[in-house]
């Protein structure tokens, strides 16, 4: 995906502008066209605002058409490979491209129920959710009244658009669409950060095996060089951090029992705020540990 | 298994005495016979001491015969059902009666290697070990020199005898063969013990799924009514406690995120001292927790 | 003070009964006389109940006289030495016998204001309070309406009577008038209880220097041999525990900085429930510690 | 004090160079003169190095004269006001300008003992110490052998010079002479940083009352806007942080006991590394807290 600077967009003619931003709203280049008249934009936030206003100013039929332009989640378009590139990448980010047959069937069933009740596809900004969370959203929103569900769909479309703009445009500001998850290990036996601790980071799922997302090694500050998740929303879901503590203390020749009282320490926690900052540290001796949600 | 009081034993004639204690040492009623001459016994500890002295005073050939009277671990006798009742129960306590074919093959291989090197069966007091720990003992002790391994076998036979005496005899003293594992949950959000918390207690294994040993509910003191393990040795191994924390705080209407930051809190730890006291508490709020080895 | 058994009381004639219990209610032997008719008592709780019922069944004038029979707190009777032995000991327990002139003047002022407003002495069960707490009670209750303050006075008289009964009578039951304050030190550096730690226990006061109540040494379980307070109510107030941690780790040759990061660790906390159980432990390494209200 | 840029110094003639740096070494402009020949300096570290080399290359008599040019700590020169401006400010930083008569007498006694044994003044970089720590250094170093004490004096002179250079010179690099002490308050009751918590920071002394160094209020990140100490060495000594926790939870309407179990939480700790980073956080609920040395 190529990016484009805000300056270039501000200087572009309408054709170039719409070519660059026509797909921010799925199959709805008219949103970019409407926003074009509001140039120049001081910030990507202003551009995002202008596009949202264009959607809000459109007729109910236009909005309904915008909604209907979205593909089903894990639907036939996905299997057939006929989704837009953006939608494909987004659905893959939540693992919707590697569903088991049972899961695919469940999505199929929910998609049908949703279309039958609301006469439109179910829309959710999947980058903000893990697979379990999407299913939970699906089941909850099926209970809504049609009017509030129309609103919910537009809110999600705005979130999708914000993330697409964030990836597409270079500007001096950033949309507030990113969360951050970090950890660090403090060795309270020695009173120092713990370097060289192997950390595994996994996504938990109600019905599937834990899925390894990342492995990392703590640096001399007891932190990972990069956040565990950064530069994107934190998908709502349950996670586990595994800290290889016995190996760490063994390297320091610290007395441990045999087998060591603590070996791999698992911390399980949930992310509920995709744009939040989560700091989940481990304070540890060979005989005790504690953790907390920091920030 | 019927029990017998120390007073009855002290008053018994030799035939009755040996009938009662002849199988404390596997296929070696001569140990009870030798101990009989040392009556009366003030305590079960004195009786245990007298029987150990009888073994130590025996000839090397007698000791070798005592050792050879023990069955293989998870061996043919086990499959054929020809072990003594005590040995059968002991091997079952460590799960040696429900091995997979691969595990059975591994034991078979180790038994052969051990017999080939030492010309005797591998003896370990299995009630003090989980399955992984027995395999680790097996592999370590295969490296020993024959002389030290003879000693190791007798040490283990004494441990087995102590546990059999502990189960057989009623006396005012108890042999120091028991460990204790307990937990409690302290709600540091409210500053009170946490009642009604569901706790699951599982044995972990390198190659198998966690095995549920017990479920419990905390009482008004935040403790379980009985220790998680008590009245027997703590099998060396790795364990997990799972505390259902989100449910607990939900019942109290404490604000939690959605999904709750902490749901089921897993604590994994190892037991290394079968006769030790392990207290593994959880201090918890909806946003933090800590644990430690207490006593 | 001599004690008397419940059995003896149940067998006593009225004169002996009243001789033994006539001073449980200050200058009001009629309470014991009335209770005498209810013999025999199965428990000290039943006796206490009977005496309270006698007070409740008395005329308003009798109750008013009972109240007026009590001395002022830290009043002229105290200085003149004309209080009953019980009242003298009770007031001394809260330090009312060692007031500064300014404090004495403050009590004098409050006594006058209270008598002027309610036409009776201020009554509080002083064994349940530290000096600061008594003053705070005084100031709060001065704001009450007369009717509710009459009730409050009787409630306090019942508490005083319960504590006097608890000290006077030997029975198989005990009145629930005792609290307990305990601590223990867990060395999470070694994963064991910390023996030999010097602990100082002090009462804090808003306007005075901390007052040392007790010193103790942790035993091999990391606990003190006796509770810091036990067998009596816990006086409401603020306290400090001081744990000599650097000395402890120095004896174990544990590496510490120079000067040690932690030396004497102070924990300050308040007691608010005189009949409660407070457990205030210290979990400590040379570089970290934590505490909590346990039970 | 005016500062001068490294560029200006590199361009200066010898007279201007010595005018700017002649007092970096006490009464020893020859050090600056010698360093002048090594221009230009790429960094303040290179300049510091050149000046140290000049001292090391000097004759023993010159070094002895340099040492003897230093004033006594809290000595007659201090009382007479005849010290250099730098020495005056440095001694004041450690509180040596506000000694009690007893402390002054103790310094007088130590100064005499030191001069008698070593025939030179006692030199220590006082900005790296609190008053108690200076006295301890004094007493320890009095035990040294003369040769090692000569070395110690030069080491301290280099530390003094480094701090004077750090304050005098603007350059793109900084000498590693600064420590940092910070704190933060995490509310583990709510799982968020605790804003608006009053914090007092005090220096503790063996023989004197605690001395308030700073008060601060936590910001929305639960931190203080500036470090408690920064931009200078951390004086070796004992300190106390006091966190006004009951007020904080009261503002949030969190249930607390009356009086609150925790009110002002004191954390006492020592600084042993003047150039270190100390992070001393408080994790707190109304019923529990923990702290640790972080970094």
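Note that the chains take the letters A, B, C and D in the order they are written out, and that residue 1 is the start of every chain.
The rule is simple: a residue touches a chain if its C-beta (ideal position, glycine included) is under 8 Å from a C-beta of that chain, and two chains touch if they have at least 3 such contacts.
The structure displayed is predicted, hence computed values, not measured ones.
**Student:** From the centre of subunit D, which chain's CA centre is farthest?
**Tutor:** Centre of mass proxy via C-alpha means gives B as farthest from subunit D.
**Student:** Give the rotation angle, in degrees and rounded to the nearest 5, that superposes the C-alpha atoms of subunit C onto those of its identical copy subunit D.
**Tutor:** Result for this pair is 180 degrees.
**Student:** Provide the C-alpha centroid distance between subunit A and subunit D, rounded to the nearest whole angstrom.
**Tutor:** Centres of subunit A and subunit D (C-alpha means) sit 47 Å apart.
**Student:** Where the centres are mean C-alpha positions, what is the separation of subunit B from subunit D, in Å?
**Tutor:** Here the centre of subunit D sits 58 Å away from the centre of subunit B.
**Student:** Roughly how far is subunit A from subunit C, going centre to centre by Cα mean, in whole Å?
**Tutor:** The computed centroid separation for subunit A versus subunit C comes out at 58 Å.
**Student:** Where in subunit D do residues touch two or more of the other chains?
**Tutor:** 188, 191, 257, 261, 283, 287-288, 290, 292-293
**Student:** Provide the residue numbers of subunit C that touch subunit A in the complex, in ascending order.
**Tutor:** Of all residues in subunit C, those touching subunit A are 188-191, 255, 257, 261, 283, 285-288, 290.
**Student:** So in the complex, the part of subunit D that touches subunit C is made up of which residues?
**Tutor:** So the residues of subunit D in touch with subunit C come to 133, 236-238, 257-266, 268-270, 272-273, 283, 287-293.
**Student:** Can you name the residues of subunit C that touch subunit B in the complex?
**Tutor:** 186, 188, 191-193, 221-222, 283, 290, 292-295
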